[in-house]
Amino acid sequence: MSLWEYANPVKFMALSGRVLPFATLLAASCLFTGLIWGFFFTADDFKQGSTVKIIFLHVPAAMMAINIWIMMLIASLIWLIRRHHVSALAARAAAPIGITMTLIALFTGAIWGKPMWGTYWAWDPRLTSFIILFVFYLGYNALWAAVDDDDTAADLTSILCMVGSVFALLSRYAVNLWNNGLHQSATLTVTERSPIDASYYTPLLICIAGFILLFITLVLLRTRTHIRLRRTRALLARGSA
Amino acid sequence: MFTVKNITAQRGPRAILQNVSFSLAAGDCLILRGPNGSGKTTLLRTLAGLSPPSAGEINVNPEDIVYTAHLDAVKPQLTVAENIVFWHGIYQTAQSDTLKRFNLTDLAQRDAATLSAGQKRRLGLARLHISGCKIWLLDEPTTALDADHVAEFAQILTDHCASGGIAVVSTHLELPLPNAQTLDITQFAPTETHADPFLEGSF
Amino acid sequence: MIPDLGKYATDVLSAYAIAILLLVALVAVSLRQSAKARKALQDAEQRAKP
Amino acid sequence: MLPLIKRDITLALRSGGGFGLALAFFLILILFVPFGVGPDRVLLATIAPGILWIGALLSCLLSLDRIFQLDAEDGTLDALATAPIPLTGLATAKAAAHWITTGLPLTVASAPLGYLLGLPSTGYLWLIASLAIGTLSLSFLGMFGAAVTVGIKRGGLLLSLLVLPLYIPTLILGAQTVTRAINGDNPTATLAFLAGLTLLTVALIPFAASMALRANLR
Amino acid sequence: MLPLIKRDITLALRSGGGFGLALAFFLILILFVPFGVGPDRVLLATIAPGILWIGALLSCLLSLDRIFQLDAEDGTLDALATAPIPLTGLATAKAAAHWITTGLPLTVASAPLGYLLGLPSTGYLWLIASLAIGTLSLSFLGMFGAAVTVGIKRGGLLLSLLVLPLYIPTLILGAQTVTRAINGDNPTATLAFLAGLTLLTVALIPFAASMALRANLR
Amino acid sequence: MFTVKNITAQRGPRAILQNVSFSLAAGDCLILRGPNGSGKTTLLRTLAGLSPPSAGEINVNPEDIVYTAHLDAVKPQLTVAENIVFWHGIYQTAQSDTLKRFNLTDLAQRDAATLSAGQKRRLGLARLHISGCKIWLLDEPTTALDADHVAEFAQILTDHCASGGIAVVSTHLELPLPNAQTLDITQFAPTETHADPFLEGSF
C-alpha cells in the first residue's frame, strides 16, 4: 500500500473525512492556548513594550505564507509528474490560505512597525519581498479562476507556480541588491533585532503549531470542497450528453 | 498506415468517444457521420494530436498529418497570396498551382479580411494542398462553399486519395466521394465506465 | 480582564483584531463554500440517479 | 521558424500592428510623467532611469496579448501546432519576433526620451545596454505569459498580472544599472547579473511556454 | 440598458474578467515605481500624487479593449446594433459598466496604495474624490476610443494611443488637485474643473461613440 | 410590409449589388441564391440597417427586424440559459419555450464555450424566437446543423411565415420550405456605372 493511493478522490474523501474533526480540534486548541497565553500571560518587553505580543501572530503567519507557497510548488510538481488530481486541487485549495497568511503578516508587521520604526511601511527588502509574494499568490489564484477546463487550469497553474518560484527567489536577491545599493537610512531592520526572550518561546511555538494545524485543517476542508465541485461538474456534464 | 486502436477521445473532463478503432491504408477516405455534438470535432482533434487520447493508441507519423478545423487559419491582414506563401514556408514545400486549384487566382492580391465566407474557406482549404501531407483530417470542410465549389473540392479530395493519400472527413452534407467508407460515430458513445476519476465510487 | 498594554494598546489590539478577523473570514468563507459544494453535489447526484 | 518570424514582423508592420505603436505609447508615457509629477528638472532627472525602464516595460507589456491570441482566434495556432515545427521552436520564434518589433525599437528610442527627462550624460550607454539585454528577457517572459493565457478571451489584464511579478528582477537590475552609472558607482556587476538572468530566461522559458501551449490547445 | 450593464458586470466577475485584475495591476504598478526610482521616502512622497494618478489611468487603459471588442468578435455587437436599443444607450451602458468594474475599485484601492508611497495625510480625501470623479471621465473617453478601434483586431495598443492624449486634461486636473491639497493650496477649483470636464464628457461622448460604432459596423 | 427599391449594396469601397428590388408581404419567405462572393451577406447587412445602401430605399420599420449573421452572437462565458435571459432582457420580451423549441433544454446549464459547432448555432438561432420580431434576416442559418436539426429549423421557419412573419434567407443548401420564393442575386451584379467617385473620369 502506497501513499499515492490517497491521491484517489474517493480514498482521499474517506480519509480526510476521518482526519478532519481531529485536525479541527487540535488546531483550535493550539491556537486558543497559544494566543491566550501570548496575549494575557507574557510580560512586556523592556524595549518594545506590549507590542512584542504581536509576535505571536506575525511570525507564524509570515512563516506560513512562505511555507504554503512551497507546499503549492510541491503539489504542483506532483500533478505535473504523476497527474494526481487531488494534488492539483490541494494546491488550489492552499492558495487563498496563503493569501490570508500573507495579509496577516503584512498587517501585523505594519502595525508593529509604527511604534518600532515610526512608520507603517518602509521599503525594507524583507517587507518588499512579502508584497511580491502576495502578488505571486494573486496571479496564481486569478489564473485558477480564469481557466474553465479543470485539467488545463491545473497544468497552467502548476507551470506558473514553477516559473514563479524561480522568479520569486530571484526577486528576493534582486531586492536585496536594490535597497543596499542605495544609501537609504535603514534605521532598524527586521534582521537586526535582539534574540527572542525565552518566556516568549513556548507560546510562540504553540502558536506556530496552531497555525500549521489550522492550515492543515483548512487545506483538507477546501480540497474536499474542490473535489465535490469537480464531481458536480462531471455529473452535470455527463447528464447532458 | 494510419491505425487507431481503442482510443478514448476526451473533451474537458468528459470522455466523448470510447473504443474508437479503425485502420486506413493509402487511398482510403473515411467519412465521419453523427449528429451535432456527437464528437466529430473531438475525434479529429485527437487524431491530429492536439488533445492526446486518454486511452488507446494512434499509430501514425504526426508529420504526415494536416488538419483543417472549423476555423480557417487565415490571416486577415495578409493578402491571399501572402497567406499561401507563409504556409509554404512553414511546411517547407515549393510553390505550385494552389491558387488555381482552389479558384483563388482572381483574389490573390486581396487582403484576406475582405473575402466572403466561402472565399475564405477556400483559402483555408488550400493549406491541405500546400502542406504536401499524406493524411488529411477535415472538419466540415465544405461549410460556406457553394454547390460548384463543393463539387470541385470533392474532386480534389478524390484525386488526393486516388494518388495514395488518406482523408478523414467529418460532414453533415452528402459529398460526392465514390470510394469513401462511412463511420457512424454514435456507436462509440461512452458506456457507463468512467474516464473521470471524480465519477468513481461515491462520497 | 485585558492586561495593561500601556501606550501601545491600540496597536496591539488592532493587530490582534485584524489578524483574527482575517482568520475568521477565511474559515467562514471556507465553511460556506464547503456547505454550498456539498449541497450542489447532493443535487447533482439526485438528478443523475433517476 | 524563420517564416514565422518574418510573418510576425510583417503583421506588426501592417495596419493595427504593434511596431510603431509600442514606440508611440512609450513616448506618451514618458510625456505623461511631467504632467503627473510636475516639471521640476532635478526631480525628473532623478527619477529618469526608473521611469524610462518602467515605461519600456509597460510598452512591452501592452503588445504581449497579440503574441499568441491573434493566431489562436483565427485557427492559425491549431494549424501551426499540427505543422511539422516543434512547439518550443514556435515559442522561441514568437518571442524573438516580439523582441525585434518591440524591445529593439524601444531601446533605440530610449535615448532621446531620456534626454527629454534630463537623464545625465553618463547614463545613456548603460541605459541602452541594459534595455537591449533586458527587453529580450521581457519578451521571453511575456511570451510565456501569453502562452499561459492564450485560452482566455481578452486575457490582457490577467496576462499583465501574471507577467509583471516575473518582470521584477529584470526591472530592478536594469534600473539599478543606469542609476549606478549616474551616481558614479560601478554598474558592470548589475549588468552582468541582468545578462545572466536574460540567458537563463531565454534558455528555459521556451520549454515552460511549450508546456503551457500544449495544455491550452487540448 | 440595464440588462446590458448587468451582463457586463457578470462577465467582468466571470473567468478572465477584469474586476479584481485591474486592482492587482494597479498594485503592481505602484510597486514598480520604488523598484525603478529607488526606495527614498521623500522622493516617493513627492511623486506620489502623479504616480497614483498615472497608475490608475493605466490600469483603466488596460481593460478598455474588452469594452466592445469581445462583443464584436462573437457577433454580439452586430446583434445589439440591430436590436431595438439606441447606439448611444449602448455606449453609455458600456461606459457605465466599465466604470463600475474598474474606476470604482481603483478609487477605493488608491488610499492604501497611497500609503505605500508615503502620500501625506492631507492628500487622501482629495485623491479619492478626484479619482472617483476622474475615472468616470476616463471610462467614457476610453469607451469612445474602444468604439473607434472596434474593427481592428487586437487594437489594444492603437486604442491606448488614441485615448492617452484625450486623458491629458483629466490627468493634469486630477494630479493637480492632490498636489495642491498636499502643498497646502486650495484644491477645490481644480476639482470643480475636473467635475465639469467629467460632466461634459458624460454628456457628449456617447454621441461621438455611437457615430464611431455606426461607421465601424458598416 | 417590407419593400426594397433599387438599392445599391456596398462593401468597403465597392458596390457589390445594384438595383435590387423586391417586396415582401406578411407570410412571405425569400431565399437568396448565388455563388460564393456574390453578395448575399452584403445584401443582408444592408437590409438589417448595418450598412446603409448607397442608393435606393428600404421601406421597413427597423424595430421589426432581427438579423443572424455568420457569427452566432453567443457569449462563451455565460451559460446557455444566461445567454437566452440576456437577449430577452435586450428585446424586452417574456421568456417562453425557447429552450425546448431549439432543443437546448439539456444544455441549459452548460457554459456556451463548451458547445459543439451545431449546438452553438442553435443557441444563436434561438435569438430569432426570443426577439419576437416579424422580419427575420438569416445568413446561412443552417451551417453546422445536422440533417435532423435542419429539418426542424425549416419547420420553425415555415411556422414563422405561416403565422404572418417574413423571412429573407441566404443559403447554399436546399431547405425544405414549400412556399418560399427564390431570388437569384447574380442578376444584380453591378454594371459599369461607378459608385466610387475615384473611379470616375481619368487623371
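Note that the chains take the letters A, B, C, D, E and F in the order they are written out, and that residue 1 is the start of every chain.
As a convention for this text, a residue touches a chain if its C-beta (ideal position, glycine included) is under 8 Å from a C-beta of that chain, and two chains touch if they have at least 3 such contacts.
Here the structure is a predicted model, which is why all the values come from computation and not from measurement.
Colleague: Give the chains in contact with both chain B and chain E, ordered by label.
Modeller: The common neighbours are A, D, F.
Colleague: State the chain with the largest centre-to-centre distance from chain A, centres being mean CA positions.
Modeller: Looking at centroid distances, F is the chain farthest away.
Colleague: So which has more C-beta pairs touching, A-E or B-D?
Modeller: Between A-E and B-D, contacts are more numerous in B-D.
Colleague: Please identify which chain has its centre, taken as the mean of its CA atoms, farthest from the centre of chain E.
Modeller: Comparing chain centres, B lies farthest from chain E.
Colleague: Do the two copies chain B and chain F share over half of their interface residue numbers, or under half; same or different?
Modeller: Since more than half of the residue numbers are used by both chains, the interface counts as same.
Colleague: Determine the centre-to-centre distance between chain A and chain C, using the mean Cα coordinates as centres, and give it in whole Å.
Modeller: That pair's centroid distance is 15 Å.
Colleague: Just give me the whole-number Å value for how far the CA centre of chain E lies from that of chain F.
Modeller: Roughly 37 Å separates the two chain centres.
Colleague: Determine the centre-to-centre distance between chain C and chain D, using the mean Cα coordinates as centres, and give it in whole Å.
Modeller: Roughly 41 Å, centre to centre.
Colleague: Which whole number of Å gives the spacing of the CA centres of chain A and chain D?
Modeller: The computed centroid separation for chain A versus chain D comes out at 31 Å.
Colleague: Can you list every residue of chain C that touches 2 or more other chains, as numbers and ranges?
Modeller: Each of 45 in chain C touches at least two other chains.
Colleague: Quick check: what residues of chain E touch more than one other chain, meaning two or more?
Modeller: Residue numbers touching two or more other chains: 15-16, 21, 24, 28, 35, 38, 73, 153.
Colleague: What are the residue numbers in chain F that touch two or more other chains?
Modeller: Counting only residues that touch two or more other chains, chain F contributes 70, 76-77, 114.
Colleague: Could you classify the connectivity of these chains, where an edge means two chains touch, as line, ring, star, complete or other?
Modeller: other
Colleague: Which of the chains touch, listed as pairs?
Modeller: The complete list of chain pairs in contact reads A-B, A-C, A-D, A-E, A-F, B-D, B-F, D-E, E-F.
Colleague: Using the touch definition up top, name the residues of chain A that touch chain F in the complex.
Modeller: For this pair, the touching residues of chain A are 148, 236-237, 239-241.
Colleague: Please name which positions on chain D make contact with chain E in the complex.
Modeller: Within the complex, chain D contacts chain E at residues 15-16, 18, 21-22, 24-25, 28-29, 32-33, 35-38, 43, 46-47, 49-51, 53-54, 57-58, 62-63, 65-66, 69-70, 73, 152-158, 160-161, 164-165, 168, 171-172, 175, 179.
Colleague: Where on chain B does chain A make contact in their complex?
Modeller: So the residues of chain B touching chain A come out as 12-14, 189, 196-203.
Colleague: So in the complex, which bits of chain A are touching chain C?
Modeller: Contacts found on chain A: 35, 39-40, 44, 49-51, 53-54, 57-58, 61, 96-97, 100, 103-104, 107-108, 111-112, 114-115, 214, 218, 221-222, 224-226, 228-229, 231-232, 235-236, 238-239.
Colleague: With touch defined as at the start, can you tell me which chain D residues reach chain B in the complex?
Modeller: 2-4, 6-7, 10-11, 14-17, 73-76, 78-85, 217-218
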